[in-house]
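These are the structures in question, set out in turn.
Heads up, the next two complexes both have subunit A, just with different partners, subunit B and then subunit C.
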Partner chain A sequence: MADIIQLTILGLALGGVFALMGSGLSLVFGVMRVVNLAHPALIIAGAYATYWGWRLLGVDPVLMMPFSAALLAVVGIVIYKVFFEKDAASAKYSDLTVLMAFAVAMIVEGALGGMFTNTQRVTSPSYATEAIFIGEIFIPKGQLIAGIISMTIIGSLGLFLKFSRTGYAIRATTQNREAAELLGVNLRFIALLSFAIGIALAGCAGSLVSFVFNFFPAKHWEWIAIMMSLVVLGGMGSILGTVVGALLLSVLASYVGAAAGATWSTMVFFVALFLVLLVRPQGLFGDKSELAS
Partner chain B sequence: MTALLEVTNLTAGYGDGPAILSGAGVDVQPGKVHCIIGPNGAGKSTLLKAICGMLKIREGEVRFKGEKLNGLRPDQILRKGICFVPQERALFPKMTVLENLRMGGFMLTDDTVVNSRVDEILDRFPILRERATQLAGTMSGGQQQTLAMARTLIIKPDVVMLDEPSLGLAPKIVQEMFDIMRVMADEGITILLVEQNALMGLKHADWGVVLDLGRTLFEGPAQEILTDPRIQELYLGGKKAA
Partner chain C sequence: MSMTFEDSGAVLEARKQYNAKLAQQADKRRAWWFPIAVMALLMVLPALQLVGNYNYLLHMVLFTASYVAMASSWNILGGFTGYISLGHTVFFAIGGYLAGVLLARYGISSLISAPLVGLVAAGFGYLIGLITLRVRGPSFIISSLALLMIVRILFDNWHFIGGANGMALPVTDLGVLWAKVPYYYAMIAIAALTVICAYKIKHSKFGLGLRAISKDEVKAESAGINTRLYKVLAFAFSAFFIAMAGAVWGEYLTYLRPNIFLIILVAANMMLMCILGGKGTIAGPVIGAILLVAFNEFFVAMMGASELNILGTGAIMAAVLLFFPLGVVGTLAKAGKLPRILNWD
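Up next, the complex of A and B:
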């Protein structure tokens, strides 16, 4: 029993981080219908920004988060302006942007590799190597902190979307672009803002990831599949769905890892991706009609 | 009487595609209900979309209170006081009725104004108050259309353009939609209505506009159009109107 609790807690903590990693992807897809394959590469960029702040200036990775978020938001705005703005009216926007996002991922990976080499990095603040013991159960402090911060950020994002004027506009645009525009929402501004927020979330995730995982520029290929599975399970564009998907799959992966070995735990995400697409392509919280449109 | 909204010799289409409108025009008189009729593909909906800025105007012009609207974005045209309710799906299905109404006041920056106007609307439409916390997408078609029409009142527009408000609704409910429209008109809101059911639309209108092949063929008092034998023959199914 203690084992199950232990595995569940580990899964939930990791799931929290995955949820943050996926939420920016989900927000961008919801508003812009862009499957931003470059999202995990940008998380890695955020992890590098955090790493160098920690390594060179001794700044704690968590304290580096606002900086990483701001830096990535600016990068996001530039990427949006250069790659994603001009074809927004095209009927094939989603198709075009998948390829462009793929190109952006390659560019980011290449740039990071060129600047920082392919050496594996990790930040190791003291809490990253400590654990809390409750009876027989141990909780790695780093994962716990990362999980709690992630859920706090997602919670704040949820409140912002639910109650602020801009949040209304973002949700409205996600649900019915045409109607939102007709009620006075400036779609271009909302798209730009959502993209900037989405990529800032990648920056936040990068700071947390920097002490939870080893990372190097090409690591994002591994993450994109994981993130797609969370987002697809939750329902493309639903942030709540992404969170639920992340927690569910991470806990499941944690059980599978314990039962069959760590190598198999990642399989959970891939198998889930296939199964969801086959059985319930709209995901847990998605709407079937949205698939058609 | 000077027209509130003057549309002259309009040419417009989708993207780089062929022109759907070529030479469409309409003079919209303040406080009246105008019904645009015409066969499928005549360009009725396209005309409304061009007026509200969703489509680029290639030629001709749209003037509102004497001011040219060509080239403005939908949000800018809304600010001038022209509100458009598109065909079907005009709502945010996963937002509550209340949130949908608040979105209707998105361009108003003062929250207290929005809240008090939302409250007025809920008073006027008890069904919406009853369902205030329900997700809009889970309501019946008639309730959704009521919400879409009621939502326009929040900004107190000068002109409301309705694209087939009766689409997919049961006859009894259709009558309710026209009743709501009439109330709006009685309050001084100018209505520009596109209606597939031409007889029904004209009966509730003051002014009729016949559009075919992207151009205005004829416009005049709705009663005259209803009784004009040529128009009956061509566009009203040849039946004598009541």
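Up next, the complex of A and C:
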């Protein structure tokens, strides 16, 4: 019994980080219909920004977060302007942009690899290696902190989307582009803004990732499918869905990892992605019309 | 109950004549001699080995031919049918590993087993297609990516085929000068076969159906095309040729490893070559493969680092998508400036 509680806690802590990694992806898809395969590569860029701040200036990874977010937001705006603004009205925009996002992912990976080499990096602030013990159960402090921060950020994003006027406009665009435009929403601005927010979230996630996982530029291929599975399971475009998907799959993965060995635990994400796409392409909280048609 | 019109025979006859006339016109404009001349040149190229060591040249041609086979094959699904797959390296790996196991355990060379291996991979392709082709657009692309990841984990953990460490294959008895030649001819034959089959498919009723699916699947379905069967068959065809290329490539390398066959860069290259040359055309993947190999060699010679190679590949892909979404052949054809020697459609 203690084992199962232990595994659940480890899974939830990891799921909290995955949720933040996936939520930016989900937001961008919801508003712009862009399946941003470059998102994980940009998370790694955020992790590098954090890593060098910690390594060279001794700044705590969590404190590097606003800087990493701002940097990535700027990068996001540039990427949007250069690669994604064209053809936004095209009916095949989603298909076109998947290829484009793939190209951007390769560019980001190549640039990071060229600058920083493919050595594995990790920031190790003191809390990253500590653990809290409650009876027999231990909770790794780094993952706990990362999970809590990630939930706080997603919570504030949710509040922003729910209560601010811009948030209204973003949600309206997600639900129905044409109607939103008719009612006076500036689609171009909303698209740019949500892309910037989505990539800034990648920057935040990068800061957390830097002390939770080892990272190197080519690692993002592994994360693409993991993040896609969370986002697809929850329903693309639904942030709540992404959080639920992340927690669910991470807990499941931690059970499988304990039962069958660590190499098989990521299999949960890929098989889940496959099954969800085939059985219920719209996901748990998604709108059927988006991906299925 | 069937209805017959009195003049239906005459109409059919007239249409047949009209089609024949169109075909004849197309034939007149076609430069048949060009591909034949290229093939003849490639056939006599290994004779250079008699006067010196041109292994590098042979290797480059062989490498390009393998990419031609893979890109043309990918084009059947990605170009004609419009289903973009990022997981087609799975069939490359299935081909390579199956032929490798046959060679290592039973001593059957991939030069003999390649067609059989292709058929097995086509069977896998058919089954996988039945599952993944139920979704389309971004969902299909994502599911193909998931397929690649799943197969990679399976191969990494499958001890019979060496797991992540891979497995070594017996080396050929031929001397240094002639070791490459059998694989050279085999790969060129596979590439030529793929291009010819892609041409045949494009000009058949089947190919017409595939192109209808890529334009508008719902309309194609309502026009009476069995879209599900067509799509799955296209998937199986593209798996067949890629697996044959994989079989020969594996034996040529004498080494099988998941991180040679099952990396996303190879899948990206297949897609990139088609987009670069012109998706859905016959000459496009061939030109794309030649250009990509040339770019690669250039980048490696100039900068050496594999990471900058990835950057270059990505940058070329983005630039082509932004400025020439139709690729070399498509852009030239649209402007009416496609040279006759490249008009293979």
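The definition used in the following text is that the second predicted complex is superposed on the first by the 290 of 293 C-alpha atoms of A that agree within 3 Å, B and C clash if a C-alpha of one lies under 4 Å from a C-alpha of the other, contacts with A are read in each partner's own complex, and residues count from 1 in each chain.
Rule of thumb we're sticking to: a residue touches a chain if its C-beta (ideal position, glycine included) is under 8 Å from a C-beta of that chain, and two chains touch if they have at least 3 such contacts.
Since we're looking at a predicted model, the values are computed, not measured.
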| item | value |
| --- | --- |
| First (subunit B), second (subunit C), both or neither touched by A:277 | second |
| Partner chain in contact with A:185 - subunit B first, subunit C second, else both or neither | first |
| Which superposed partner A:57 touches (first subunit B, second subunit C, both, neither) | neither |
| Contacts of A:1 with subunit B and subunit C, given as first, second, both or neither | neither |
| First, second, both or neither for A:168, with subunit B first and subunit C second | first |
| First (subunit B), second (subunit C), both or neither touched by A:176 | first |
| Which partner, subunit B or subunit C, touches more subunit A residues | C |
| First (subunit B), second (subunit C), both or neither touched by A:105 | second |
| Subunit A to subunit C touching residues, read off their complex | 35, 83, 86, 94-96, 98-100, 102-114, 117-118, 217, 221-222, 224-225, 228-229, 232, 263-264, 266-267, 270-271, 273-274, 277-278, 281, 291-292 |
| Touching residues (chain side subunit B, partner subunit A) in the complex | 15, 52, 54, 73-75, 78-79, 83-86, 89-95, 99, 102-104, 106-107, 151 |
| Residue ranges of subunit A touching subunit B (in the complex, touch as defined) | 89, 91, 165, 168-169, 171-172, 175-176, 178-186, 287 |
| For the subunit C and subunit A complex, residues of the former touching the latter | 84, 86, 131-132, 134-135, 137-139, 141-143, 145-147, 149-150, 153, 156-157, 264, 268, 271, 275, 305-315, 317-318, 321-322, 325 |
